[in-house]
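Order of writing sets the chain letters: A, B, C and D. Residues in each chain are counted from 1.
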Amino acid sequence: MIRVQGTPFDPGAEIKSFLGRNPNSGGIATFIGQVRDFQPVQNSSSSEVTSLELEHYPGMTEKELERIVEDSFTRWPLDDALVIHLYGQLKPGDSIVLVCTAATHRGDAFASCEFIMDWLKTKAPFWKREQTQAGTTWVDARANDTERADRWAKD
Amino acid sequence: MIRVQGTPFDPGAEIKSFLGRNPNSGGIATFIGQVRDFQPVQNSSSSEVTSLELEHYPGMTEKELERIVEDSFTRWPLDDALVIHLYGQLKPGDSIVLVCTAATHRGDAFASCEFIMDWLKTKAPFWKREQTQAGTTWVDARANDTERADRWAKD
Amino acid sequence: MAVKVLYFSWIKEKVGAGEELLSPPDSVETVSDFVDWLRTQSPAHDSAFENLKQIRAAVDQVHVPLESRIGLAKEIAFFPPVTGG
Amino acid sequence: MAVKVLYFSWIKEKVGAGEELLSPPDSVETVSDFVDWLRTQSPAHDSAFENLKQIRAAVDQVHVPLESRIGLAKEIAFFPPVTGG
């Protein structure tokens, strides 16, 4: 299931209901991405981030996330998967993204959860803009994210 | 932090408070292991599991989990880690284990969470006994778990 | 034939609009042709697309390389590399 | 010197006890020696330890190989490969 929304969500409550929907899955892996109040990326301002804006491409975002999740189901024997992604104005500590995957064995749950995150980072049409004391800056893509996503390329 | 307990826990609530304690961690990976009501392991009965008993080694369990978590901190730059493991009588759908790791970057969170689970599976002194219609059986260790744990061996 | 063109992130800021309805000439066959033609439309467009390495495109909401043919596309989007999650 | 010996899982069931206080002779230097000596204590002990491939050991709550020396250990535990998580 895919949800792209402008209002905050509670990752704990979402994970709880995901577990409730999948009582027979032996392993559930989840990932939560949060807004940090500092920015260790090289090309970014070192000023404290006071807020973060996430622009997205309505319509394509949902389709792209669906494609990524469908791809994960063709690669691993999954029972279920959930992706929730925020857009709009966020504050430090807010959860930006939640990915949950459920499988019989933990290896499949871990791999598919990391795969979804890696592909989401390089394919889902979101763009971050940080607000610091010094002004607003669009965050540059990280080469490392492309490398991580490329690990999953099929030969 | 390590908790080994005989009473059920709510993974959603635990993850929520873990997030609350680590608002500056960009990436949080978690894993939840649940009791399945079937048992796909080869050497096990195919009867439905009606309950599961987890025996453990009080004292050593806590120490071993602490050692595993400390080891994960030497391998990855982590902000925090949490392991909760149940023992005693469990029912299908109950959460047996929860692992949460928090880091600046998601790769470190994913790797350390999977590492803790892999080592826990081969080092933490727990033994499962399944109750089915046909009686009780001690669950055999899986060769696959040893292989997964061996992936993390340092050269 | 009119096509909806969308811009995101700093490309939108440089162009000065998020969306345009444009009718490129028949000689525009690929996304790359489309970019070349866009750059002739105004100094703002020219500036937004001056560094092609920073431009990504989607045709009808699917990622495509710049060499792709546009075909009967109804919607073309231009944006920098994504930074979600 | 007396040492606390713990058994878990089906080893406990086969031995018929979870814990014993035992004083092995001085000739018992390694965990493996200890197992050999244990097997002479009763048919139940003998049966519990007949397949060494299924036996794991901890000395003072630390995993050790069977070749390890016991030294001044206060607690020795025997159990099959673990199956937690």
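Methods note: a contact is a pair of C-beta atoms (placed from the backbone, for glycine too) under 8 Å apart; a residue touches a chain by one contact, two chains touch by 3 or more.
Predicted, not measured: the structure shown is a model, and the values here were computed from it.
Steps from chain A to chain D, minimised over paths through touching chains, total 2. Looking at chain A and chain C, not one chain touches each of them.
At the far end from chain A, in terms of centres built from Cα atoms, lies D.
Separating the CA-averaged centres of chain A and chain B is a span of 23 Å. With centres defined as mean CA coordinates, chain D is found 72 Å away from chain C.
The distance from the centre of chain B to the centre of chain C, each centre being the mean of the chain's C-alpha atoms, comes to 48 Å. Across the assembly, chain D contributes 85 as residues in contact with two or more other chains. Annotation for chain B: residues touching 2 or more other chains are 33, 106, 117.
Pairs of chains in mutual contact: A-B, A-C, B-D. Within the complex formed with chain D, the residues of chain B that make contact are 33, 54-57, 59-60, 63-64, 85, 96-97, 117, 120-129, 138-142.
Within the complex formed with chain A, the chain B residues making contact are 10-17, 19, 22-34, 36-38, 40, 92-93, 95, 104, 106-107, 109-110, 113-114, 117, 148.
Across the interface of their complex, chain B is touched by residues 6, 8-10, 58, 61-63, 77, 79-85 of chain D.
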